[in-house]
Structure formats: structure tokens, C-alpha cells
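Below: the structure, in C-alpha cells.
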Amino acid sequence: MDIQIGRGKTARRAYGIDEIALVPGNRTLDPALAETTWEIGGIRREIPIIASAMDGVVDVRMAVRLSQLGALGVLNLEGIQTRYADPDPVLDRIASVSKEEFVTLMQELYAEPIKPELIEKRIHEIKSQGAIAAVSATPAGAIQYGSAVAKAGADLFFVQATVVSTAHLSPESVDPLDLGKFCQDMPVPVILGNCVTYEVALNLMKAGASGVLVGIGPGAACTSRGVLGIGVPQATAVADCAAAREDFHRETGRYVPVIADGGLITGGDICKCIASGADGVMIGSPFARAAEAPGRGYHWGMATPSPVLPRGTRIRVGTTGTLEEILRGPARLDDGTHNLLGALKTSMGTLGAKNLREMQQVEVAIAPSLLTEGKVYQKAQQLGMGK
Amino acid sequence: MDIQIGRGKTARRAYGIDEIALVPGNRTLDPALAETTWEIGGIRREIPIIASAMDGVVDVRMAVRLSQLGALGVLNLEGIQTRYADPDPVLDRIASVSKEEFVTLMQELYAEPIKPELIEKRIHEIKSQGAIAAVSATPAGAIQYGSAVAKAGADLFFVQATVVSTAHLSPESVDPLDLGKFCQDMPVPVILGNCVTYEVALNLMKAGASGVLVGIGPGAACTSRGVLGIGVPQATAVADCAAAREDFHRETGRYVPVIADGGLITGGDICKCIASGADGVMIGSPFARAAEAPGRGYHWGMATPSPVLPRGTRIRVGTTGTLEEILRGPARLDDGTHNLLGALKTSMGTLGAKNLREMQQVEVAIAPSLLTEGKVYQKAQQLGMGK
Amino acid sequence: MDIQIGRGKTARRAYGIDEIALVPGNRTLDPALAETTWEIGGIRREIPIIASAMDGVVDVRMAVRLSQLGALGVLNLEGIQTRYADPDPVLDRIASVSKEEFVTLMQELYAEPIKPELIEKRIHEIKSQGAIAAVSATPAGAIQYGSAVAKAGADLFFVQATVVSTAHLSPESVDPLDLGKFCQDMPVPVILGNCVTYEVALNLMKAGASGVLVGIGPGAACTSRGVLGIGVPQATAVADCAAAREDFHRETGRYVPVIADGGLITGGDICKCIASGADGVMIGSPFARAAEAPGRGYHWGMATPSPVLPRGTRIRVGTTGTLEEILRGPARLDDGTHNLLGALKTSMGTLGAKNLREMQQVEVAIAPSLLTEGKVYQKAQQLGMGK
Amino acid sequence: MDIQIGRGKTARRAYGIDEIALVPGNRTLDPALAETTWEIGGIRREIPIIASAMDGVVDVRMAVRLSQLGALGVLNLEGIQTRYADPDPVLDRIASVSKEEFVTLMQELYAEPIKPELIEKRIHEIKSQGAIAAVSATPAGAIQYGSAVAKAGADLFFVQATVVSTAHLSPESVDPLDLGKFCQDMPVPVILGNCVTYEVALNLMKAGASGVLVGIGPGAACTSRGVLGIGVPQATAVADCAAAREDFHRETGRYVPVIADGGLITGGDICKCIASGADGVMIGSPFARAAEAPGRGYHWGMATPSPVLPRGTRIRVGTTGTLEEILRGPARLDDGTHNLLGALKTSMGTLGAKNLREMQQVEVAIAPSLLTEGKVYQKAQQLGMGK
């Protein structure tokens, strides 16, 4: 299986979502019969799609609306929403600076301290509207703000870094987060990530995670691969972590959902992630395009404001429709970014999958949608290039 | 053969038409000696090319002209032609709206009900000019309009959906189409599709199909792969379904032609499909470029007007010549989109194939025409980009 | 070795020149010590590069100049030069029409009959200036004009079609060329092509060829792959035909050079063809860019003027330097298209190859120069796109 | 392992930096704990990054500044700095000519003779500011100027050509450099390169090299692959030469660092080279973008001024920040070209590598960041193409 890339150095071929396609089987199904419900941290949801904890994607209003529509939105507790009592003028500035001024502005804006009282306020704002309060912090933030999150009564707590491990080495002066102890102590179900390998996914499940986020480096607003050289193509990462879920389930009876996170844009991407073994997906850019999104038509990565090593860039994604149109349709675009639930149900119907567990088993082909000369010509013409 | 893309998930590598090329053998042939005649549903045709049942490609006039020129055109019974007594102003509107207004307009136009009397009228219009009346409907449409089609005396009936199977699960309130019973009851030969696997192709032949359409997701005006994640590269799909044809023929003595459908643009594409095992091809965009085409230089997919999940986009293909020039030459373009019959005969001659059965056996190489830096540079310059 | 692309259909992976790169060994060499001399049809030449028999590349003047510079140019006996006593105004017209008018003009210009007296005149013009007269015709033209060629005292006769075979089937009314008899009867050494497989190369050598041209479908001004679906990547084709040369040489003692023809643009391409096993190369577009070239900055394929199925397109290649600069330097461009002999000698020196036989044995790596995101970005910026 | 590309010709698949990605393991590390120090020729440096001996990258001022910041810069002893007492007006001219005039100007400027007294002067200028004086020459230059380099008290001497070998064949009139004798005689540690194979790397170490440069053909300002057909993808070349280092170390106890040189642009590229086995990297274009760089926003290859066969082109890279920002941050760009040390430390932390030896052992995946249709579309839009 391992390929020698040079003397004494072997590597495994990993596959991305763009390199696979789903293969219809012998049975089809009316899409209306496709059941997409899933459960995370004891909460049942109709739609296995979570909006990323990114400042251009989820604020209180989006979290509430996503909850009402059958999905989930995660509020970033270390971003604009908890640094500023009134985030609107801040978001306006982000949307108005030039590409050149962007990184500097972000570094400046995120230098403003996080206010624990704003953390509790935002959670209350969501809960008071009858919605599910899912929030996120980094491991360091989890130590600092964990009690505020618990006190405010959040429903789900995502503890998320580019890469997490159960064995983190810190300088002596720093007290690192013990993930196992944290999960045990928190009265709120904790979802951990991101990871990309069988071993780490299994370790996170053993540590008590109520969900595991999978994906390093594949996102549109993420430049981990360019900056750090790190990244595992998503189809392989999801399949490996799903295998950990199955083994953990067999051994312990606990089923810990695996959530594919990063680089997913279309309904087809979501379908392919589930077919690779995911229980749900976390997406950012498709929701950044909603009329309700706080990003005002822009989308940027969570590592962007780093004072020393910004990663992730601001992308102009535009506003293409309402959140409802994006999530449940009717679609006003035909490129796969509207009516994501409809796409999932239609795909499941076409593939004969009655529920997500069956969708995880559908046949997959390696079928790279690589560029050929003809396609470039065609694409270039569609873009209006050339003539 | 199977490749592990992750723990517990294997996939097969599938090949597209762009990834293969044909290899000359030890013998060549004068193109005049290459015999391209084939038979479908008892009807012999000189040219193994069928125009797709798409509203921008086939109307009554195109169906008649294609028939006269030795090919076949299929009229879509659930499109503009059977919803509007006078389709011309409707087609004018489709050709005149902007890219942004397109999906909404299509959803509006296709909300107009189908009139059974127009179905019969269109079939009569074709038959009255001495042409072959090949028509198409979805499985649901086949139930509704099957008797009208039979009554009007159509010659061939294409029952076509993105994906068909002989085992379709519907809600209890809906009575699904029993493909076997339908083929048996219809007095008209029925062609079924689309499918991409050996098993489903074999099941459709057993159900009584007079032809099987092969191809899911590869078409230019189709975005199934983006929206649903579904698609099988055409060379593999055709080869698999052709194997079903051979096995079915060996067992029953019935030879059911396999028709490659979707994503074919040039004469070379057609030749490669037949060399992969197809008996004929169904093409849309090359005919949408005919002066006689109803699309007025535009081409769009059949799933585009879906009220909830539009798939397929409108492409400006332009008008490049007459139908005769496109089908039989003389070619006025040198890019492989004119004189498709001439291309097929020349290719067969070059490869030493006397007839289509021999063409199905020619040697194939895996030879991806992938983009290299040099080619992109060259192509970009040809397109006038850069300087 | 064979890969299954679908049930019952296997294919071999073939490699193109763009997919390989040359690997330095343990020894290097001063380029001045690299010996590039080769022999074809008993004629020794310092430079193993032949200019293609294309109307935009070789006329009498170019043939003479190429000969003086140590290379070879082949005059097309079925083109402009033998249809028109004064080709200049004709070439002016070709260079001045628009892209749209081009195919039609070519079909018109090449309808003018070939004059046998012009064939003899052109050969005399070359010979009278002390140069080597290498000329070319199609198999049909070889029957018709063979005696004129012999009578005029040509030095080398290239009989060339897209694909040749020793077993050509013609309609009864047509008398096909018997290649073996033709080679035996002609008092001039005959070079045959094109072919791409071991078997056909061996058959052509057995038929008496003094050289074999290898290459189908890879050329810049050739669209065989798009129009006919036919083509074999050049590295594989050359290696296979070189193996035929070695076996034929071992059995008969006759060494028949293998000439790679088509799709070669840079010095690196030439080096890689020889490293794949070629004795020499035939190139068109690099010479079409010479100030002395008859194409006036344009380049077009030989199959372009076909009245029914034009293949090959006109490309604006520009004029970048004198023939001497292109062939022997000094280079005024740094993209590998100037000083082709210098590039070959430098490459041989770097790889430690003292002569062409050693160059045929250097190590090759499969190293696709595929486009990556980063490279596209970089290339796009170099082209001035984007900003 | 070897793949047959044609009869009798086999090749090995080699992998480039763009085709691999790094895979996180079970452990993570605080970046502050990642130790990047390395040693070359007895000199310890905090940052394993060397600025290339290119005229647009390193002059005396840059060499001093790089030294102060913990890295190294190599001064080209056969370039502008040693041909002209006052290089500034010369560099101004290079930055001001058009793309068309560039090659001719370079050929003219580099025709000016090298002055040995300027060699000594430049070395003194660097040393007098307390910096490390690392200089470079070609093998021919090493013979001529070796004593001047030694006399001036240089700290490191890079003897570098496109390809070196310990077995170089010269014309009888030329006395080639005996690398073994040269390393022994020079009082300054000698670093040799470039090479790409295990055998040559081992030979250079046996000859007494204090470091080996690895990389042929992958650089942005280098066109070796186009002009000569020569090049080995960097991940494979580095892994092979690192294996030679390990074997040589095991046998002799001497550890000779392997330096990856060419084609590296981002922090991720640097991380991937070390993970492939390198001890350090040599980079050009990232430093050419520094405000302090002599290239004034331009970057060009060392083989460009060749009077007969120029290779390497001038690229406009722009000026994006100070050298400190590029090397140690804070980053003002988020594309991986600023804060290279921070990127390396963060990557090492994420991968759990405490030092460079551990970083050489991290897991690698083959994960081509190939272009897919979607990405081209996205990239094109980011570049502002299309609309």
C-alpha cells in the first residue's frame, strides 16, 4: 500500500473529495423516503450540516435561524462576537478594507480582549430564542472560558484547533488542556477536533468526545497546506476516522459521530463526505453566501488574525440567496450551492440509501475530475476569457 | 483491482473518455470501406448518432432533418414542445435572458402543464414528413403519456431519468413505473436509461429494453456531479455495460445496443466511446450548435427547470454550421465538431475497423491529455489571454 | 501491465514527453565532447533534427539553409510549392485571413492541382545550391510522383501519412501502394511513417524503410486526437519503435533510424525523445518561428486543407529569430526554443552521454510537470492575467 | 518499483514537493518548544534557511542582514557584485529593461570580466560587519578564485553548477576541477552541488563536502527542464540524497547536511523538504521579495546570462515586506511567504517534532494538490479573471 517516494521514505496515497464520485447501485429510492436525521451530543437534528464557528458565518441571528431550519450553527467564542459588544461596525470595517489592508486590520481587531460577560450574553441570546446554543473555543480558550460556557447553559461545546492531540507538550510555564478531564468535568457535551488519523480520532473518542471533527488543510479560506505543508485529503481522512468510530462503537457501545470539516462547497461535496463515512459535515463558505450571514459577502479563516503567522485569506463569496434557499431550497442557483438538503436527499434517493448509515456504505469510484485541455478551453470561454 | 482510499473504504479507479486514446493496429483501411450502419429497436440507421431529447437540441424540424441525414433525433415530451402550442416565442425568451435570470425563468416556463394533445401533434408532425418519430419521457411521464405515445404511432420511446433502476422504492401514495411490465405492454420499442453499471444494464435488458443508455454525470450541461456527487467516468461505464450486452446476447440471443450518453463533444469522443464498447452515442451540445437547432445558440440540461433542485446550466455554444455540415460535412471547422460521420469513418479506416463491431475491439491506451504548464501557456495564448 | 478500464476492456498506460524528465548519472561531460552526428539513408548530418514537410516550415530556401547548418529540411511535394509556380502571394494570403476564413481558404487553395514539373523544379533548385534534397509525399502521391522524384535526383524520399501500415485495404477500384515493392524499386532511400507500435515499425523496416517516423496525434498543429480519438503519447511510442529497431538490427545487421515526429517544441523535448530511444527528431513549429520560414509567423497542419475533414489548425507562432539562432544559437530567448543543438549538447554533457547511442540509454524518471494551484497562479501572473 | 514506459525502457516515478503533504501524528507540541538550530561547516545557525547565490537575492547588505537574523546568505562571486565596483546602476538597468531586451542585456552585462580584487573586497565588507561570509563559484571559478576566497577569509565556500559529478570529462586542453583535492586543499569548508541521486550525493560526501546541495530543475527562475529536459522532482531527490547522508554518517561518523535547493516558495515547501529528509533549504525568490533585496522586485536565474544558451528567466516578484518580516515575522501576508521561521516552528509543533531530526521522520502522504475544475474556477475568480 505504501509507496516509496525516495530511499527510506515511504508515503501513502491519500484521496480528496474531488478525486472520488458516487456510483449508483441496483436500487433507487424516492428522495422523499431518504431519512437524513442524525444525533450529536444527544441532540437530534434533521439536517446533518453544521455551520462553522467562523466570524463571517455565524452570529446569534444565524445560529437561531440555522436551528429553526433543522441544522446547527456554532458560535466562535474567541472572535468578533465576544470581543465587541456591538459587532456590526467591526464587521462593516472588515468588509470594506482592501485586500492589502486586510491582514493588518484583522490583527488589530483581534487584539481587543475577549469579554467573558459577552460569552454568556451571546449564549443567552441564542437560548432565549428557543434555539440550540452550540459554541466553540480553542483548547486554551476552553480552559479560560469553560465555566462561563457551562454556566450560561450552552448545549454543545466545540473545542477546536487546527490540530488537536491527546498528547500535547507545552512549555513548563503553561498548563495544557487535559482533554479527558475536560470532557468529564464539563456538564456540556464536548466535540473535539480537528484530526485526520485513525489513532487520534480513537484517542479523542476515548477521551470522552461527543463528536470528532475531521479535516486539516482542505478549506477554501484556509492556507495550512501552503503555510505549514500540512494537510490530508478529506476522503481518506474521513474514512480513517470513521473506521475509528466503528471500532470504538463495537468495543464500547458508544457511537461518536464523525464530522467532516473543511473545503466542502457543494451538495455533491457533502454527499461524498458522508459516503466516505462521515455522520455530518461542518461547512463555512456556503453559509457565508447567505443574506443573513455576518460576513457581508466575505469569508475568512479562523487563523487569519494570528499576530505572528496569519493563515487563511479573505475571499469574496458574494451573497447568493437566503439561508433557507441555501439549506432547504428552492434553489436559485444550479451549481450545487443551494438547497443542500434537497441535494442530499436526491443523491440518497438516486443511490438507494434510506438513511445516513446506508449512505456511508454506497459505492465510491476514484474518478478525478482533472482538468483536460478541452475542459480548460470550455471553462475559459464560460469565464469570458479569450474573446 | 480495488484501491483502499481509507480504512474500510475501497474504490475502483474509473476512466473517462479524456483519459484514453485509440491505438492504430497492423492494418489500415480506406475510410470508404468503413461500415457504420447499426440497428436500434428494429430500425436500421447509417449513422450511430442520436440527438439528445433536450429542448435546445431537438424539435420537430430537427427530428425530421436528422432522420433524413441517416441519424436520429429524440423529441423531449416533457419540455417546451408539449407545453406550448407555439414554442418559438418561449425559445426566444430563453435565449434572451441574462445568466442570472435564467434559472428563475426556466422554473416559470416549465410550470406550464404538458398537453397530451401536443404530444400526439408533435409525433404526427414528424411522421407526416416521413421521418422516424423517436420521443422521450421520464418514468413518471411514461406512465402518464405512454398511451398517447403509442396511439400517435411513435417509432421509438426513450424512457430516461438521471438514474433508473428496476428496483425503485416509492412512497405508498405513488405507483412507480414497473419497467418490465411497461416494456411488455408498449407496442413501441422502449429504450431505457441512464445507467452506469453491469448489473443495472443487465437488469434493464432483462426487463425488455430495446436499448440501454449509459452515462451519469459527464455531460457539459449537466452538474450532477457537483450537485449530487454522483458520476461515473464514461469509458468505464460504457465498457461495463457493453459487457452486460455481450453476456445477455450470449444467453438469450437478443442483442440490445448500448448507447453512450453525455459529455461527448468531438468526433474523437464518439470514436472513443464506440471503442470502449458502445453501439451508438447520444449527443447534445454538438447539435445545439447547428443552424437548425431550436436553442438559438444556447444549450441547457434537462434537469435545469426543476422547481426545487435545478441541475444543469445554460451554455452559450454558438451556431457553427448546418446540421448537414456537422453530421456529414464538409467540415468548416477543424476542431472535431464538424463532419462527425467523416471523423468516425476516417478513424475506423486508420484503425483498420471494417464495422462497428470491429471498432469496439480496437486497442485503447490510457493516455491522459492532462494539462501541463506548457500546454496551459500555449492554450492561454491561443485564447488571446495574457498579452 | 495492462489495466482494466472496464469489464472485458484493458488498456496500457502510455507516457508522453511531458510526463518524463531526464536524470543525471554519476558522470558529466564537457558539452564540447558531446557528439551528435547521425546518419539517415546513407547521409551523415551533424544535427539530428529534421524540419517537417509542412508548408509553413519548409520551402526551397529553408531546405538549403537547414542543409548548410548541418540539419535537414523536407519539402512537401503536395503543398503550395508544387501547386503554384509562385508561392509567395499564396503564402501572403494564408497569413492574412482571419481565423474564421482560414479553413475555407485552405480548402480552396489546395484544390489547385499539383504540377509534376514543379516537383522536379523544386528538387533542382535545392540540389543546384549544393543542398540535400529531402522531399515528401503521401502514399497516394508516392505512386503518382515517385518517378518524378527519382528522375529529379532527390536524396531522400519521405512517404508519410497520419498512419501507415503494410496492410492497407482499399476499394477495388483503387490500387494501393505496396510499400515493400516501392522501397525496392525507388532509387532513392525511402523513409516511412507515421507509426506508433513495435509491430508496425518492424513491418516498415522489413519493407525496406531507410528510416521510420514515429508519432501520431501529439503535434501542436494537429488535432488527430480530438477529431479521430487516435493518438499515442510520444515517450511510449518512441520506446516501442526503438525496440523494433534494436531487434531488427540484431537480426539483419541493418540499423534503421527512428525519428520522433510531432509535438516537440523545446530543446528539452528533443533531448527527452532521444533519451526515449529516438535517433533523430522531426519538428515543425520551432522552425516556423524562424525569420526565414515561409509561414510568415504562422504554422498549420498538413491535414488542414482536407476538403471534407480538415484536421489541424493554424497557430500564430510569431517570428523569434533567425534559423541559425534557433538551430545553433546564440539564443536570444531563454525558453528552450533557441539554440537547439546547444541544448542537446549541454543536456548530453550534463547527463554524461558522449554520443546519441549513449543518450538513448540515460535514466528517465516519470515526473509529470502537472499543473498545481501554485503554478497556475504563478503562470497566470506571468501572463499578466489577474491584475 | 520501476514502470515500463515502453519496450525496453523503464522509469521510476519521482515525486515533487507539490505532490506531498505532511500528516499529523499522535503528539503535538507548543511551537516555542520546536528547536530549529542546525550546523553547516562547523557554523551553528538558528534558522535552516540559506539565501541563494543569485544576483537579485544576495549582496553584501543582504548577507549581513541574513546573518544577523540567524540565517545565511551566499554571495555569488561570478555575478554583478564582482564584475562591477559599483553594482547599483547595473541593477537599476536590469530592473528597467523590457522582457524582450532582458536576455541581450544580461549577456552584455555579464561579459564584463570578474575582478579578483572585488571578490576579496566583498568578503571583507561582510566580515567587517561581524557577519558570516558565505560565497559561491562554479567549478571553473573555484579553480580561478579559490585562493582569493581563502585569502579573504571566507567562512563557507559553495561550489555550485547545475549538475556536478566527481567524474567530469573535459577536453584535453581544459584542466577540470578535482573536487576531492579541492575540498582537501581549501582552508574553508566547501559545500558542493547540485546533485539529485544517492550515488552522486555519496560521492560528493566522500570527496570531502561539508554540505551537499540537492535539486536540479525545479526552481521558479530556472528552465532546465524545458531547455535540457533534465530535472528530478524534489521530494524524491531529497529523500534519496538524505539516505546517502545517513549511510555515510553510519560508515564514517561524519554528518554532512543535505540542503534542498530550488523551487521552494512557501513555508509549507520548506517544511515538506525537511520532512523529506533535508537538513536545510536554499531559497531564492522568497528573499528576492524583501525590501532589502538587490533585485528591486525582480528575480532571475544564474544561467540566464549564458552567452550561447541562456536558461532561466526574469520574473517580477514584487517587494512584499522587510527581510525580518519574511524570515521571522510578524507576517503581513497570509500566503505562506512571510515569517518562514514561524511557519517552520508551527508546523513542527503541529506535527510533534521537537527538532529537525524528528521533523525528517514525520509522516508524509502523497496528496497531489492538482487542479480540478472547481479550483480553477475559484482561482480564476480570485485573480479577477472572467468578469
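Letters are used for the chains, namely A, B, C and D, taken in the order the chains are written, and counting of residues starts over at 1 for each.
Following the convention adopted for this analysis, contacts are C-beta pairs under 8 Å (C-beta built on N, C-alpha and C of every residue); 3 or more make two chains touch, one makes a residue touch a chain.
What you are looking at is a predicted structure, and each value in this text was computed from that prediction instead of being measured.
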| What's the chain with its C-alpha centre farthest out from chain C? | A
| remark: Residue numbers at the chain B-chain C contact, same meaning over half shared and different meaning under half, come out as different
| query | CA centre of chain B versus CA centre of chain D: separation in Å? | reply | 54
| request: Mind checking the centre-to-centre distance between chain C and chain D? Centres are C-alpha means, answer in whole Å. | output: 38
| field | Residues of chain B touching at least two other chains | value | 13-14, 226, 236, 266, 369-371, 374-376, 380, 385
| message | Quick check on the complex: what are the chain D residues that touch chain A? | response | 1, 13-15, 20-30, 32-33, 198, 235-240, 242-243, 246, 266-272, 275-277, 329-336, 339, 342-343, 346-347, 350-352, 354, 363-367, 369-378, 380, 382, 385-387
| message | Per the contact definition, I'd like the list of chain B residues that touch chain A in the complex. | response | 3-9, 11-14, 16, 18, 103-104, 107, 162-171, 174, 176, 195-197, 199-200, 203, 216-217, 220, 223-233, 236, 265-266, 304, 306-313, 315, 368-371, 375-376, 379-380, 383-385
